[in-house]
Amino acid sequence: MAKIISMEEVGTLLHDRMTVMVGGFLGVGAPLKVIDFMAEKQYKDLTLISVVASYPGGGFDIGKLTANKQVAKFIGAHIGTDPALVKQYNEGTVEVEFNPMGTFIERIRAGGAGLGAVITPVGLGTEVEENAQRVTFFGKDYLAFAPLKAEVAIVKAVKADKLGNLFYEGTSINTNTTMATAADIVIAEVDEIVEVGEIAPNSVGTPGIFVDYIVQGFTSEERKELFGELWDKNNKFKK
Amino acid sequence: MAKIISMEEVGTLLHDRMTVMVGGFLGVGAPLKVIDFMAEKQYKDLTLISVVASYPGGGFDIGKLTANKQVAKFIGAHIGTDPALVKQYNEGTVEVEFNPMGTFIERIRAGGAGLGAVITPVGLGTEVEENAQRVTFFGKDYLAFAPLKAEVAIVKAVKADKLGNLFYEGTSINTNTTMATAADIVIAEVDEIVEVGEIAPNSVGTPGIFVDYIVQGFTSEERKELFGELWDKNNKFKK
Amino acid sequence: MNQREIIARRIAQEFENGAVINLGFGMPTMAANYIPEGIEVVLQTENGGLMFGGAPKKGEHSADMANAGGEPITMPKGSSAFDLAFSFCIIRGGHVDATVLGALEVDENGNIANWKIPGKFVPGMGGGMDLLVGAKKVVAALAHTDKEGNSKVLKSCTLPLSAAGVVKRIITDIAVFDVAADGLVLVERAPGVSVEEITAKTEAAFTVSPEIKEMVL
Amino acid sequence: MNQREIIARRIAQEFENGAVINLGFGMPTMAANYIPEGIEVVLQTENGGLMFGGAPKKGEHSADMANAGGEPITMPKGSSAFDLAFSFCIIRGGHVDATVLGALEVDENGNIANWKIPGKFVPGMGGGMDLLVGAKKVVAALAHTDKEGNSKVLKSCTLPLSAAGVVKRIITDIAVFDVAADGLVLVERAPGVSVEEITAKTEAAFTVSPEIKEMVL
């Protein structure tokens, strides 16, 4: 069951060279406050597992870590949105392990679910084969990929109750539910911490047994404003 | 997108010798009205894929099909609750393919998700190996199982909207969400058919794109009464 | 106190506060009634629930809330419900701290047989094999001997295995064994039962822990 | 009408009523603006949504509703949101009826390259490879030639492949090809473009369908 901690206490759980999963998709559903804290504390040589790099243009969400050169290795599906990371990759200072997006999330699910490998036809006949093992099952060719786990997963939900049950909303669920199953330590950043019972049994997206620590993030109002500014600046709203 | 049909129209989708997945777990979350219809119409030589057999004692839910000797092969994890099926299995008139429960549901998920095999350590060193292929991945031994699909899946939800989005409740979700992804034709039996918009985006357990047909089942009130009688008769309530 | 109650009461002492536990049918489920005060565990039901509560009264039930035995349950504050695929991610992914399962036979190597007596009893393995492989700690519970007095704690299981080398602790009506790398260690004996009696009733070889205790029931 | 608009308008005619469609960035996404009246499609976004709607006005947005481009979307009645693992079950399990993706190169064998120009452009494959393998119908959209006039519809792709043998239809600014078992078939030509011009601008071999039509834009 989960323990509610302060951001300073989050610091006791993190360290240089750790393998860390960070939830979110281009910043949406990302644990923005913990990321800010990680940038501030300058943890170095991270192996960062996140489905895609930062919000287009870089410098937002996990883009703060790449801008700071804190990442030694990135495991994900796409980096094209983050100029800093692309540059570091091209210069050879950051290693990148590219996965087809479905393979990426399925590898994490396998890690969390105790499955031995992901067997998929995706990537057959492409360079992806170089990172995989070609196998045949039931008469068809596939690629086999290893399960993926991390020391720490930092996920983001809208609400947590005091047992650590998490409630998600909209498309900000993305990788969070799966990452919460696949790390030794799971930290959940949330908009709001509520009493036990305020999240109905079928609305629990991640049961509290997976969550070790809960930390207060931006409130829902703050996040709405933050994304309002971001999307406005990038001309993404309907006029 | 889904079409709302009558029980008689369900009949046009079913036939002898079909491979059919039926949702539910000991009758809970099972499509009871379609099962009654299948029993009445006497479809024969079915390959029935369901996680466990009928409610303990038999004769309820899918136990009506085995009591009628309509099942030629059963694929699941447990048959001990259904005396008729156990008898038919012992006499050799029904074939049974036993799967560890997690392997069973993961095989269906793989079928619906386009994965090539399920790679699991469960069953190593047991008779389960006879139905599997022993493989080694990343230095560890596993068993590989084939994905599982069906011609027809009959699932049960509490509500469907007119697009076929399904809403589930409590533990009656069980195999329904997964089976709805893994069949050529998906029929959803529901307590209630509601207008589009009455199921919130995050409350959709199965998106309408998976559901071909919706049929009205017992109402929630009728089901409550039905299980009230069943559990009362079996002395399962707190006194 | 009958054999079953002894076993159930002893099982209940295995639970650590806050642990996620899955209990098999029979004596393990009975054990939930004897959990010591101050210990709260999170019960999992493999059909898709965590932190569920006991049976409701008739009329207060929901047709959509049941355990893996098909029995009505309640979903108190803090509980959660999910589909079977996710439930077995919990089980196989190592997220269940301990499972206690009934057994037909166990042996020196931590093997367990509990799903099949060929030609006689073939109900299927249900979720048992997944629990045996996936749970962090596996406790096997069984009567020490059969009706004819034959040991069920064996050198080597004779029935088809449910899993190989997974049992960490064996609880019977007269003894508790730990399964160590080099064999069984007798760590507890039932009140009034001597080590000699246990030796006489046990086919498996075992060593006796220097700290052997009497079961507190 | 510029090249991109021609392609986007032609893509929009690929959609069947009720079909589940995933559109790649750029021209495929633009195509959503040109869907013929009477045709309603179910758009999927791979980060985890179905039947989503267009951008909201500022203030009406939710920080928890965005598409795979990180852009704000709306979730109208009937839409659904779910996690990435389920989203790729939809994609890889064959539940997307058609995907339209931009391409750098395509070839006679239905190969497509759209994720990498070694040493120059290496953004990663994102969800593209999954869509190419999982969608029931793959449509590749691209300018027929590069800025130097070199064909991008090739005998054999020169860039690293995104998937092999998956493309069923190729839409360019001057032509539409079907990818048949024995090679490309020219089925449409843009208004004012002759078969001869297409032949001159195409490296790949192709046959001309006896029912060749002019694109209706």
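Note that the chains are named A, B, C and D in the order they appear, and that numbering of residues resets to 1 at the start of each chain.
Operating definition for what follows: contacts are C-beta pairs under 8 Å (C-beta built on N, C-alpha and C of every residue); 3 or more make two chains touch, one makes a residue touch a chain.
On a predicted model such as this, the values are computed, not experimentally measured, just so you know.
The greatest centre-to-centre distance from chain B, using averaged C-alpha positions, is reached by D. Per-chain CA centroids place chain A at a distance of 28 Å from chain D. Between the CA-based centres of chain B and chain D the separation comes to 36 Å, rounded to the whole angstrom. Put simply, the C-alpha centre of chain C and that of chain D have 55 angstrom between them.
Shared interface positions of chain C, i.e. residues touching 2 or more other chains, are given as 49, 75, 81-82, 88, 92, 133-134.
Multi-chain contact residues of chain B (touching two or more other chains): 106, 109, 113-115, 120-121, 168-170, 173, 201-202. Chain contact topology: the protein chains form a pattern that is neither a line, a ring, a star nor a complete graph.
Applying the touch criterion to all chain pairs gives A-B, A-C, A-D, B-C, B-D. Note for the complex: chain D touches chain A at residues 45-49, 54-59, 61-73, 75, 81-85, 88, 91-92, 111, 116, 122-130, 133-134, 160-165.
Listed in rising order, the residues of chain A touching chain B in the complex are 106, 110, 113-121, 133, 135, 137-138, 140, 142, 144, 146, 168-170, 173, 201-203. On chain A, the positions that touch chain D within their shared complex are 25-29, 51-52, 55-56, 76-81, 86, 89-90, 96, 98, 100-103, 105-106, 109, 120-128, 158, 168-178, 205, 220, 223-224, 226-228, 231-232, 236-239.
Interface residues of chain B, counted against chain D in their complex, comprise 1, 109, 111-115, 161, 163, 165, 181-182, 196-197, 201-202, 204, 207-210. Of all the residues in chain D, the ones that touch chain B in their complex are 18, 20, 42, 49-51, 75, 77-82, 88-90, 92-95, 133-134.
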